[in-house]
Amino acid sequence: MSEDVLEVAVAELRPSLEALLMIADQPLDETTLASAVGAPVPDVTTALTELAREYAEQGRGFELRNVAGGWRYYTREEFAPVVEAFVLDGQQARLTQAALETLAVVAYKQPVSRARVSAIRGVNVDGVMRTLLTRGLVEEAGEDHSTGAHLYRTTTYFLERIGVTSLDELPELAPYLPDLDDLDDLEDELGGSPAVVATGSTEDA
Amino acid sequence: MSEDVLEVAVAELRPSLEALLMIADQPLDETTLASAVGAPVPDVTTALTELAREYAEQGRGFELRNVAGGWRYYTREEFAPVVEAFVLDGQQARLTQAALETLAVVAYKQPVSRARVSAIRGVNVDGVMRTLLTRGLVEEAGEDHSTGAHLYRTTTYFLERIGVTSLDELPELAPYLPDLDDLDDLEDELGGSPAVVATGSTEDA
Amino acid sequence: MTVATASDPRGTEALTETTTEGTHAFEVRLDNFEGPFDLLLSLISKHKLDITEVSLHQVTDEFIAHVKAGASWDLEQTSSFLLVASTLLDLKSARLLPQGEIEDEEDLALLEARDLLFARLLQYRAFKQVAAVLEHRLSGEALRHPRVVGLEERYAGLLPEVLIGIGLEAFAGLAARALEPKPELEVSLQHIHAPAVSVREQAELVAERLRRTGTMTFRALCGDAPDTLTRVARFLALLELFRENVVAFDQVSPLGELSVRWTGGADAEAVSELRIDEFEGAPEPPRAEPTDVPTDETEDAEEETG
């Protein structure tokens, strides 16, 4: 492999695209993909089309589709019943530990960007945030003035599910925290906008 | 397709699994998958193994792996540069030598007290253990009956991070040790010895 | 390491502000040794030796030199090094005696102490080796990124009601734990503010006491030490006195009570004539010099007196 990741050898174009699409949590357009792998857009388009054809030929359970200009993996229509049954069977009712933690951070830090939640949790939270959005527990809340990053807050559905009527009813964090001063330092260190600590700051959440 | 989703035809077992794995936001174990597709667990295991082999043979940019008790799609190692340049989420922070050694002792001696780990490493491990706890690599596992000391063990996340399904897959410690029996005796002797732990330990010298 | 701060709007396209780890991504890899066993092992392997009694003798002086150079380590670390140093010195001094059969309790205790040290060294080496295996696995694994993608929209509507499953208190606890400042790896700054303690002064005090009483336990010698640093200084002072051949150590069981015997002259002058090196440790800048191994080579040569 070339040391310059921006020049993926032709033979590796397809698997590189597969890798990118596998972790992308939303459709990716050809220009974005082309710049990520450092190949010309027409080559990327060809490669994507071939991949899609290959998956179909091999009867894979997923397909690669271009919807409204963006490419993304979808489950194949034929297997929708299996997926539906799986989704319906209740296994998915519970949130994963990662999702719960992310939700907790959003609840107490809102409005907050994904980057900030990632920094706090020490892991990338893109996928988990998407899950929380899908589940209707979290919603977008504008953009950060300085960075332009999307901000997120909890929803009324979240309040309903956790059993309170407003954010003010969430327990104070202070008793659970070792030392709040340290925390402030930490936040300065983490950069980004000044912390919006007040729990009641989003009136409509 | 059969209207009864709980009986996936044999030919459809593999694509059904692919579809489920594609929408899952966490690793799925063989039992869960088997009940979702209505096939016997051994068949599911075989199908998963074959899929994984197929992806490898076809040089896909992703792989299917059984890690920490569940199957999940991962991007293939070779394409890490492309993926990392794209997601910008940085790599997992490297662990220090101290953290690695402490983790190794916990992994092989669990459940184990801090004092015992300290005795083996010859240095205090309080700070390192806290880091490992914060990182989710280690968790508390009750208390020692006789001493009341907190015990620690590794987590499922640790297994995930080192890419194994269970602790059994860790390399044997024995080949690295001249005589394990002697050491067990030794450890009993050292067990919970405060010698190298407390700040006042110089008095024991 | 790819690092983008939260305020860096790079990559605002499809994946938006995906950024980085928390502050704990910036862990420092110290060149210091991970404790006395680590140091011993590196000294032994530096000389391409196997773990034997002879190799222990060969590295004893170097080990002691490192302990001295490490006077600005944190106190716990220093004391753990001193424990091993005392065993090494015991062994080395024992070898100077005519070799023979095990004569008394003392010899037996020394043999036990030696075996214990061997066993602990070997054990530590084993864990160090598997730690390397873990590191290899961790770094390999970090190159694979799992698919963590939310459910397709078409199925989202089918999802059952979310079950948060934990109470409000537990929920707040989760948030608190996530927001808790992450402990940096133990780069202790304690010693920077520790008052300087003169090893020479302590040596004089210790020597004077021993000369009067003949034998004292280390515990008793340190009974009036106001802090750990002073205890460490007294221990270092003892090592110096040992080098000057005016004290001997007795330790009945490994990690047991250490008693110190005066073997020097009986008159008070014996004390004042002693040559005790002062330790650089006193008001030094923080953070020990990062490369203690090679630079100490020359010092070692001068220290062949032990």
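Each chain gets a letter, A, B and C, in the order it is written, and its residues are counted from 1.
The rule we apply is simple: contacts are C-beta pairs under 8 Å (C-beta built on N, C-alpha and C of every residue); 3 or more make two chains touch, one makes a residue touch a chain.
From a predicted model like this one, the values you see are computed outputs, not experimental measurements.
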Overall pattern in which the protein chains touch one another (line/ring/star/complete/other): complete
Chain nearest the overall C-alpha centroid of the shown protein atoms: B
Chain located farthest away, centre of subunit C as origin (C-alpha): A
Chain centre separation in whole Å, for subunit C relative to subunit A (CA means): 43
Inter-chain centre distance, subunit A versus subunit B - centres from mean C-alpha coordinates, in Å: 24
Distance from subunit C to subunit B - Cα centre to Cα centre, in angstrom: 28
Contacts with two or more other chains, residues of subunit A listed in rising order: 19, 22-23, 74-75, 83-84, 87, 118, 122, 124, 126-128, 131
Shared-contact residues (touching 2 or more other chains) in subunit C: 15, 18-21, 24-25, 145-152, 155, 180, 182
Of all residues in subunit C, those that touch subunit A in their complex: 5-9, 12-25, 145-156, 158-166, 168-169, 171-182
List of subunit A residues in touch with subunit C within their complex: 19, 22-26, 28-29, 32, 74-75, 80, 83-84, 87-88, 90, 92-95, 100-101, 103-105, 107-109, 113-116, 118-124, 126-128, 130-131, 133-137, 146-150, 157, 161-164, 169-173, 176-179, 182-183, 185-186, 189-192
Complex interface listing, subunit A residues touching subunit B: 1, 5-6, 8, 12, 14-20, 22-23, 36-37, 59-62, 73-76, 78-79, 81-87, 89, 91, 96, 118, 122, 124, 126-128, 131
Touching residues on subunit C, where the partner in the complex is subunit B: 1-4, 10-11, 15, 18-21, 24-30, 34-38, 75-77, 79-80, 82-84, 86, 116, 119-120, 122-135, 137-152, 155, 180, 182-183, 185-186, 218-219, 222, 228, 231-232, 235, 255-258
